[in-house]
Amino acid sequence: MSTSRIFDIAGPRQQRRVRIATTVSLVALVLVGLVVAEKLYYEAQFVSEKWLVFYDLDFIRFLLAGLWVTLQVCAVSLVTSALFGILLALGRLSSVAVFRIPAIGVIEFFRAMPFLLIVFAVMFGLPSVGVSMPAYWQLVVAITVNAGAMFAEVFRAGILAIPRGQREAGLATGLPSRHVFTSVVFPQAVRNTTPALMSQAVRVIKESSLGYIVGVAELLNNARVVSEFTGNFIQAYLAAGVLFVVINTTVSYLGARWADRLESS
Amino acid sequence: MMTNMSERSPSQGAVIELKDVEKSFGATKVLTGVNLSIAKGETVVILGPSGSGKSTLLRTTNRLEPIDSGEIWYHGKPIPREGRELAAYRAEVGMVFQQFNLYPHKTAVQNITLAPVKRGKQKPEEARARALRLLADVNLSEHANKRPGALSGGQQQRVAIARAMAMDPEVILFDEPTSALDPEMIQEVVHVMKRLSADGMTMAVVTHEIGFARESADRIVFMDEGRIIEESDPESFFTNPRTERAQEFLGKILNH
Amino acid sequence: MNYSRRKFFVTSSTAAAAFVLAGCRGINPERLGGQADGFANVDQSGVVAQGPIGKNLPSSPILDEVRGRGFLRCSGTDTLPGFSQTNPVTGKLAGFDAGMAELFAKYLLGKPAVNFVKSGADTREAFLQNRTVDATISTYTITENRERIVNFAGPYLTVTSGVAVQLGETGIASSADLAGREVAVQPGAAEEALLREVPNAVPVRFEESSQCFAALQQQRVEAWVANTAIITSRAGTDSRTTVTDIRFGESPFGIGLPKGDDTYKTVATEFINTIAEDGTWQKLWDETAGLVDRTTNPEPPAIPMGR
Amino acid sequence: MDDLLKALPGLLEGLGVTLYLSIPAFLLAMVLGSMMAIFRVSRVRSLEVLGTLYVEGVRNSPLLLILLLLVFGLPDVGILLPLELAVIIGLGLYSGTFVCEAVRSGINGVDVGMVEAARASGLTTRHVISEVLLPVALRTMIPPLATVFITTVLSSALAAAVGVTELTGATRVYNLVAAQPFVAFGIAAAGYLLINLLIGWASAKSERLLRFNQ
């Protein structure tokens, strides 16, 4: 929409040029596709038994079981990281330095760390100082500290985006400041931040794939088990990729729909 | 009324001529059977309630909006639809916008010289000298090297007018040039426009500045719901509007 | 325009050429087939069903805890063919080590109830030390260093390391030839064995044996070192790689146990001797690792009491 | 102190590998992402679809999966890349989607009125883009692109999972040998914080230099 206003609406010459470019690029794409297919064919990747993860019910069931664990990990992690994030956001917005400074420290620190390093720290670092937990919780804890820091910033932005007037109107009606926050500011912040939270959910789903390293039987881990068992890397990981893309585009789409609804309401 | 004008051929001496122009945005019809011709040296003021299609009329004239049907002529020839020809046409038709639309990363002088230099019409030094003269004309000499962010709204709009002038245009289209300005800045812009008009510039102006319309307009065009429903000289339009809609409109605007 | 047309021309002629070539070459038959068939037959459940149940087992802190809980927590890996690999068809862990864990649980509890915890080479000691698990059965090499911090029962199996190379490789005739070369290994037993034997080899670490194997096939490394069972299971059946005659570094695998409960260790040792004597051990080997590695015939262990 | 000295060489080397991976990957992402962004606003339907498929497909896949496919999958179709190169390409592909989004929203975020004014003044499309659209859009793109760069550095840690020992991998190796988690992870954290601060500083600095109102 906005791009069409940036550039002139195409006249007949421009339209013809666009049509030619479309045809040329389509032909080029098809040819690239054929070259890839030829390569796959030559390397015997089209042999049906290599693709059994796509049609053999046992393998599909095994991958779907992984997907189910992925969704469980994400559901649990989303709740824990949202709680952790709210806590951090409130700390960062607090006027009390004792809350604010540690919150800033925690948020900025974990935002600056690679997720895998956090996973390794939880997996290899914590046990050697006597803290260990089942792999499932290792993954959840790692996601929680990492995503929690991201969530905190989303919530903070959401709270800061509430117009001052809202707060002032609440105070003017005689509500105590704490209630103004819980019943006026906070619900609006949650509503406004939902689309951003949905894109963070995609991030969490992708992060849960590090169950591969921790040893949680989630989707990527199960794809690895299949690839180990069958020796077909490409097919096993492609199958997992398809499932990840389907889930994540669905979540993104729902987030975008939600954002549209917020805007139009 | 403006009926049965469709068979009319390009008028002699008309710089811009719109013929049976129709335009819709989706299901909303914004221009219906618009016919208008602007002669050389003429100042045409277009009035009408908001949403009546005034701005769209100007924007289609510059082909910022393509039209659905009808024709727009420039010096008796249809305006180009794309490419270099369109750019060349636009260079001859200046436009001033409600929101000034200066380039934020360029100084006042650079805003003015960009198009002349890039179109290869003027050498950089030549363009700069001319830009400084134009800025002096609009009383902004001391602001020549400031970026738009450092200028007030009125100053920005005067730079925008100087920018439109820099191409030596045949016509300048003004799209509500004072609507976004604080009241105390309106006069400085109106003053510049009045001078342009007095100097014989061909102008089409969408505005709510009745003072400007009374003093400078050669002709008033009144639009409502996408149609031109009245066209007359300012004197008779303001003292004796023919249509009810125009009376209503003037009643609201003048009592305000 | 001009550019696009040229690009179109180049691309289309490339594709056409590729098809002509493809027609001449036909399918590369060497890439057919998978390993799934060999691995699919690995199944220890029959052996475990007939496995012995320990009689008159003593009481000890860990044993009491395990009995009270009703299952054994045991750590290991899930992608080691023949030893401990999840079979995606059945969803179950299959292999020699997996069978050992189930037999051990059955010996202690009367039923093969095992709660499997995945651990890597980095975390095995930590898991035992902080009692995340009751035992580690995971091609876990007994070393002096480790014996300072964990108990070992066994060895229940002693393997040697083997070397796989690309077919046609002539420069690697003895382990000394690995010096200075890039060698794929998994962190843990194999890497340790390699560096003990050839300290200046260059280990390239991969998480999985299949990745080591792929790295060798793809010529990312010049050799792959792992225990003979693993090496043979993958590289022995492939047409681009071969298993050399080089053997080195006996790796005695033990059941890792938490330090401090010697009664528990004694029971574990008795368990190994029991299954070795009654033939369960041999049957387990034949049904698991023996299926993927037909070249090795390890002897059942006989552990002197008191070790 | 002794532990620290022993840990440092390996970890510094890891830090070097991290930069060696992430800087070329970011450059690749810039090229690829900008190209795809142009595709997506090009009005050439097939290229738009290609751009969309790329962004939606890659952005919604875990990076680890992409790396596994490139490192262990590609050789199965006869394309063998050096380990580091495969990681750089994977990282570049992945970060490219974020670059594409940053560039696209930078372009779409440009004030439409300003672009219309440029068109109305008689500039050709080429000059509208090079003189007005891009200079303005680039300024708004600096902070999001800096974020993408930081993300690229952080994502490069996953190289450790496919056999490249960069900073995170070196940390793990050191902790495996020395069992000194505080030293190992502390140094790694300091390394990443340093990179973050440097990129953040450079971004803020360049943004200040290019600010409009002076």
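As written, the chain order gives the labels A, B, C and D, with residue 1 at the start of each chain.
Throughout what follows, contacts are C-beta pairs under 8 Å (C-beta built on N, C-alpha and C of every residue); 3 or more make two chains touch, one makes a residue touch a chain.
Values in this document were obtained by computation on a predicted structure and should not be read as measured data.
Engineer: Is the number of contacting C-beta pairs greater for B-D or for A-C?
Structural biologist: When the contacts at B-D and A-C are counted, A-C has more.
Engineer: Centre to centre, by mean C-alpha position, how many angstrom separate chain B and chain D?
Structural biologist: Roughly 46 Å, centre to centre.
Engineer: Go ahead and note the Å separation of the Cα centroids belonging to chain A and chain C.
Structural biologist: 34
Engineer: Between chain B and chain C, what distance separates the C-alpha centroids? Give it in angstrom.
Structural biologist: 81
Engineer: Could you give the separation in Å between the centres of chain A and chain B, each centre being the mean of its C-alpha atoms?
Structural biologist: 49
Engineer: Show the residues in chain D shared as contacts by 2 or more other chains, in ascending order.
Structural biologist: 72, 76, 116, 119, 125, 161, 172, 175-176
Engineer: Could you list the positions in chain A whose residues touch two or more of the other chains?
Structural biologist: In chain A, the residues touching two or more other chains are 8, 10, 21, 42-43, 45, 124, 128, 213, 224, 227, 232-233.
Engineer: Provide the list of chain B residues touching at least two other chains, using ranges where the numbers run on.
Structural biologist: Each of 83 in chain B touches at least two other chains.
Engineer: Chain contact graph: line, ring, star, complete or other?
Structural biologist: other
Engineer: By the document's touch rule, what are all the touching chain pairs in this structure?
Structural biologist: Here the touching chain pairs work out to A-B, A-C, A-D, B-D, C-D.
Engineer: Provide the residue numbers of chain D that touch chain C in the complex, in ascending order.
Structural biologist: It is residues 72, 75-76, 80, 82-83, 161-163, 165, 172-173, 175-176 of chain D that touch chain C.
Engineer: Which bits of chain D are touching chain B when the two form their complex?
Structural biologist: Going through chain D, the ones touching chain B are 111, 113-114, 116-125, 127, 131-132, 135-136, 139, 210, 212-214.
Engineer: Quick one: in the complex, what on chain A touches chain B?
Structural biologist: 8-14
Engineer: Across the complex, what residues on chain A touch chain D?
Structural biologist: Contact set of chain A toward chain D: 2-3, 5-8, 10, 18, 21-22, 25-26, 29, 39-40, 42-43, 45, 109, 112-117, 120-121, 124-126, 128-129, 202, 206-207, 209-210, 212-213, 220, 223-224, 227, 232-234, 237-238, 240-241, 244-245, 247-249, 252.
Engineer: Inside the complex, what are the residues of chain D that reach chain A?
Structural biologist: Checking each residue of chain D against chain A gives 41-47, 50, 56-57, 59-65, 68-69, 72-73, 76-79, 107-108, 110, 112, 115-116, 119, 125, 133, 150, 153-158, 160-161, 167-168, 171-172, 175-176, 179, 181-182, 184-185, 188-189, 192-193, 196.
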